[in-house]
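Below is a structure I'd like to ask you about.
Which chain is which? They are A, B, C and D, in the order written, and residues in each are numbered from 1.
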Amino acid sequence: MGSTFGHLFRITTFGESHGGGVGVVIDGCPPQLEISRDEIQFELDRRRPGQSKITTPRKEADQCEILSGMFEGKTLGTPIAIMVRNKDPRPQDYEEMRLKYRPSHADATYDAKYGIRNWQGGGRSSARETIGRVAAGAIAKKILHQVAGVEIVAYVKRIQNLEGAIDPETVTLDQVEANIVRCPDVECADRMIELIDQARRDQNSLGGVVECVARHVPPGLGEPVFDKLEADLAKGIMSLPATKGFEIGSGFAGTVLTGKEHNDAFCLDDQGTMRTATNRSGGIQGGISNGESIILRAAFKPTATIGQAQQTVTTTGEATVLAAKGRHDPCVLPRAVPMVEAMVALVLCDHLLRNQGQCTVLMP
Amino acid sequence: MGSTFGHLFRITTFGESHGGGVGVVIDGCPPQLEISRDEIQFELDRRRPGQSKITTPRKEADQCEILSGMFEGKTLGTPIAIMVRNKDPRPQDYEEMRLKYRPSHADATYDAKYGIRNWQGGGRSSARETIGRVAAGAIAKKILHQVAGVEIVAYVKRIQNLEGAIDPETVTLDQVEANIVRCPDVECADRMIELIDQARRDQNSLGGVVECVARHVPPGLGEPVFDKLEADLAKGIMSLPATKGFEIGSGFAGTVLTGKEHNDAFCLDDQGTMRTATNRSGGIQGGISNGESIILRAAFKPTATIGQAQQTVTTTGEATVLAAKGRHDPCVLPRAVPMVEAMVALVLCDHLLRNQGQCTVLMP
Amino acid sequence: MGSTFGHLFRITTFGESHGGGVGVVIDGCPPQLEISRDEIQFELDRRRPGQSKITTPRKEADQCEILSGMFEGKTLGTPIAIMVRNKDPRPQDYEEMRLKYRPSHADATYDAKYGIRNWQGGGRSSARETIGRVAAGAIAKKILHQVAGVEIVAYVKRIQNLEGAIDPETVTLDQVEANIVRCPDVECADRMIELIDQARRDQNSLGGVVECVARHVPPGLGEPVFDKLEADLAKGIMSLPATKGFEIGSGFAGTVLTGKEHNDAFCLDDQGTMRTATNRSGGIQGGISNGESIILRAAFKPTATIGQAQQTVTTTGEATVLAAKGRHDPCVLPRAVPMVEAMVALVLCDHLLRNQGQCTVLMP
Amino acid sequence: MGSTFGHLFRITTFGESHGGGVGVVIDGCPPQLEISRDEIQFELDRRRPGQSKITTPRKEADQCEILSGMFEGKTLGTPIAIMVRNKDPRPQDYEEMRLKYRPSHADATYDAKYGIRNWQGGGRSSARETIGRVAAGAIAKKILHQVAGVEIVAYVKRIQNLEGAIDPETVTLDQVEANIVRCPDVECADRMIELIDQARRDQNSLGGVVECVARHVPPGLGEPVFDKLEADLAKGIMSLPATKGFEIGSGFAGTVLTGKEHNDAFCLDDQGTMRTATNRSGGIQGGISNGESIILRAAFKPTATIGQAQQTVTTTGEATVLAAKGRHDPCVLPRAVPMVEAMVALVLCDHLLRNQGQCTVLMP
């Protein structure tokens, strides 16, 4: 039952890359939220394939249909089901994968676990599955913004060794969307695009780092001890395809500092509000948001599917060589940006509701 | 309800650092497992305070009592409750923290969330909470070993900038336990110990990286899409106190490789079994274990509580200075080693049972 | 998040009576189960409206579409999404309900809870929601039958005061389906049909009791203490629309016996297998199945929606009179039969997997 | 993992009748609730053995210890662990049960499921397990009362065929506690006591019905479709030892009425508030509380353990006779009253928090 995420604001995704379609059921959504199909489609358009020369050429408009849970433009409080049909499947492109396991892909492990596999495309391990997450994330974002003015912005921080200079406190969605690689450092973005395009021409692929900031998150979100906010964020991020690492605040770099250097001293701002002088904690202390910006990073490996020939083994246990056909992203990061935002929004929204449930009921 | 972890093999921890005691309830444990109190105590002894000059001097024998779920040396299949009394609390040491928030600690966020806080020690955010996890982890380890010969070994990989050279495929528990810093690179260990001891004398603290390997994990564990094995491992690790980052396999370093360089080619070993030629995947592909060793790393920040004076704010909103008394670890990593092993064992055991439940019931 | 049911074999339903459609996502289904769309449709046909003169005349073919989770006739182990479009909605029939609360219906409580309501039909409280349950139940039934030969048969035991004489140990699906009221006591069935038809003509409605037997359930299903098998069955049954009571085994009647009279003595059958001489326990002891037939009963109230005029109140708080138009069942019991079977199958299948997960993993 | 109950206000019980002790961990409790150990002990005293001549003579003071989650008289919002030691175990009384299965008890099914059983007493199936529920229920009750003035009162409605006349709208705790059988119909109570005492002398046992009312429950609690309030109440009640049936509102009796007779017409009270003219719905419509009193009934079978000789089978499969020694209740109902109240309180409190979480967060 690993297709469900969240405790109060809970989503269940379904669907394979080849088959009737993919989608999501969102259960526990607060009632009376005004949200349109267009607002959801906006986020889906950010993740859809074929949006630029550095993404997969698969042609999918990914138009969503809202099946339930909405009435006259508002949420009903009952499950919201959203579906996207698969429009451009090409099972024939995958005929070879029927018998040959793609290295570092999910083919072999799905066979090991289930004894069966939809070899047409990535099946359930396809990034198409994230359509449901992104659709649900659009709703979570709107709730967070409406309740507390939360702003969630992710962007490509690094492609291979090209790292952009971005200020998480000020970066905007418009800056992110201003170029096809979604790196708000414009100069760096141009070089990233060229690098990815070169990888595409080489039938190779690249990885990198997506950074995400959530600003104006109210203090008090997150539940010790297992459902610490960073723990649930880590799970959400690491459940995305191709992720290999997660950092909150200072991350691995913080481990070379001393406690004296690393600690975020408390201070008072102009309004006399308690703040932290620095934010190495990344907006979370003791598993609970402290009101500072939540800043996290996700490591994405280079796309496993590449056109170059690779050593592999057949389903019947013979050594062979595979040169993938199919259509794939030379670098997943540009399209991963809305996925990261969605997962962050889903975690924060769930904890917003959980905190409301436990910690406000006895208040006067 | 954030104190519960796991879906079939499920633990719930309780307790604060000051109060009656801490413990755990383990629900869903397979029946008829032979395990003694000593086997559980062995792991608790590895995490207890006061075990060496580089850990907190708090004196706690941390002797556990099994309250239920065992009969004549075997598990009953019913909840196993294990409790450890708090023996050496010193609330007076924390009198100052009643009014002053410790920087980068959980004091302020607990107050923000709950409006109340046990200021005697770390309360629920204390590392004492992990006693329950480690006790439960001992049971999970035994199940994994008995069913599949799984070996889980964690060790200190790096302290600040001192990094040990350790081969995860061969490292043993004995090597880890051979020195007080739990780094199996003996030479490096000596320098780490000196470095930590110096930090202690400076009333400062240090961070670093714990690495963990799980060998002989059966293929097929992990559930797409949200409960991918690396996602649940990430959550488990990031729920430990003081963690700032998580990596599986190649981690962040893997992001600078190309797909061609990064992919783990499939090959056949001497027995004709499919293996991967390299293991950048860290034993998990598509969220499911592939039979190779699972290798992960956790970043631990320098201990927040230090003796040096720090700028902070009082509970009534005034700027002040705090120089912590109390007893604390100058570096949490040596004691974090059994905690990391416990969380890895808990995740693997839960997924072992989940896989058994879903994927073996229709088998002939 | 109340639209999810089950722990390992887990379903999430979605949809309102008026809107895009209704359906279900089944997560955790064992892989490699052979099942066809026709087998699922067979059960949906048993619950669809318009099947006889004693059910609602709403015309819905309720043809299901499997969106995901199947490949070449087998389950993949990934989520199975099944959808049924709403084909014959008539929102205009419900225009009056926009402003007037139907007595003993969900209109007023949905408004109280959510502050919004899809007044076109029953919205989420419509019995159309059970389509998803029945579709999922078809899969659960097949698993149970394949693994252990389990047979689940429900039937109408009583309509108002007309009670059939049926032997739960021998009753068959064919006998149940032999008449439109689904009471295998043929003579009684005729009188029930006449009674319901009279209620329909009177614009009134009737209630009664559905009994269900599950034969050949393997011993060992159910988990003390909260997830006792009868507790989960009770929850499943009482989550069906219009239920007012639940009994397992001897039920309320058992409370007038003494312990000596009520206890099921153990004995040995011809093969030397331990059995119970009687079955007042209803196949469950201590919350765990004992291998005897599980027998339960569900009380269904008379349909709330009736054509006769009733006193009610408007959404703006004024007294008024309502005579429902719309289309409704004069008695829900004939169509409730497959719903009850579905809930029983879902509970048993979930516990089959849970028992497999916890209790077989250490077995040699 | 069947020892956990509730979604936001979540309890996990542990312990067998013979062993270190029994208890509960309550997770998700709202912070800053003032509650004393005495308030919890008050409820435990109502359920403890040895309280009168018609209960088991086992001598247990059942004094509880609060291990965590409280500070200076208030809840911390972190897990509250409560433990009661087993003080008067007599394993020798159960020596015979080691080899002989008690009819209609859990001995045989525990062996079938787990392959192991604590034969000293009832093990996990003992009513001692309910200590944790009752302790947690005391906290849930206080929250409900403080937030909304909810009053929960259960009482013995019927013993065998002796049924009391009690008005659920006015019955008080004092009336219930005024006699040892906990039937507020004083005259009937005397006859019930005599009847139970006779059964005790006969080494036999009796069953009956407990009724429970929850008054002033706020409208809006309960979540369609599976977590309907009556579904969760049914599960809670049917998870209590010895229950065989559950009714909400009109229950089974309601099935003989027509819709016209059964429906609760809406009307306006003196203050112009919408009410129902009758309450056959039992305070719940469409799975959601409507503000009227919630009224439910639970059927308890006669105690399985009796002194009279019964036919049974040994663990090695031979026919034999068993005459139970041990100490047991001739009728569980007087002590079941606080257990029923506890389960009702736990369900309502969980749904109070869940409703707060989902349905108030977007409110202005």
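Following the convention adopted for this analysis, a residue touches a chain if its C-beta (ideal position, glycine included) is under 8 Å from a C-beta of that chain, and two chains touch if they have at least 3 such contacts.
Just so you know, these numbers come straight off a predicted model, no measurement behind them.
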Quiz prompt | Chain pair with more C-beta contacts, B-C versus A-B | solution = A-B
Self-check item: Farthest-lying chain, centroid of Cα atoms versus that of chain A
Solution: D
Self-check item: Centre distance in Å when chain A and chain B are each reduced to the mean of their C-alpha atoms
Solution: 26
Exercise. Calculate how many whole Å lie between the centre of chain B and the centre of chain D, each centre taken as the average of the chain's C-alpha atoms.
Key: 38
Practice problem: With chain centres taken as the means of their Cα atoms, state the distance from chain B to chain C in Å. | Solution: 45
Practice problem: Return the residues of chain D touching two or more other chains; collapse runs of consecutive numbers into ranges. | Solution: 1-4, 7-8, 13, 28, 31-32, 77-78, 113-115, 124, 224, 359
Practice problem: Give every residue of chain B touching chain A within the complex, in rising order. | Solution: 1-5, 7, 13, 101, 103-110, 112-115, 124-125, 129, 158, 160-161, 199, 204-209, 219-228, 230-239, 243-252, 254-268, 272, 274, 276-277, 280-282, 284-291, 299-306, 308, 310-313, 317-319, 355, 359
Practice problem: Could you please specify the touching residues of chain D with respect to chain A in the complex? | Solution: 7-8, 28-33, 77-78, 143, 146-147, 224, 352-354, 356-362
Quiz prompt | chain C residues within the chain A interface of the complex | solution = 1-4, 6-10, 12-16, 19-23, 25, 27-28, 31-32, 65-71, 74-81, 83, 113-118, 123-124
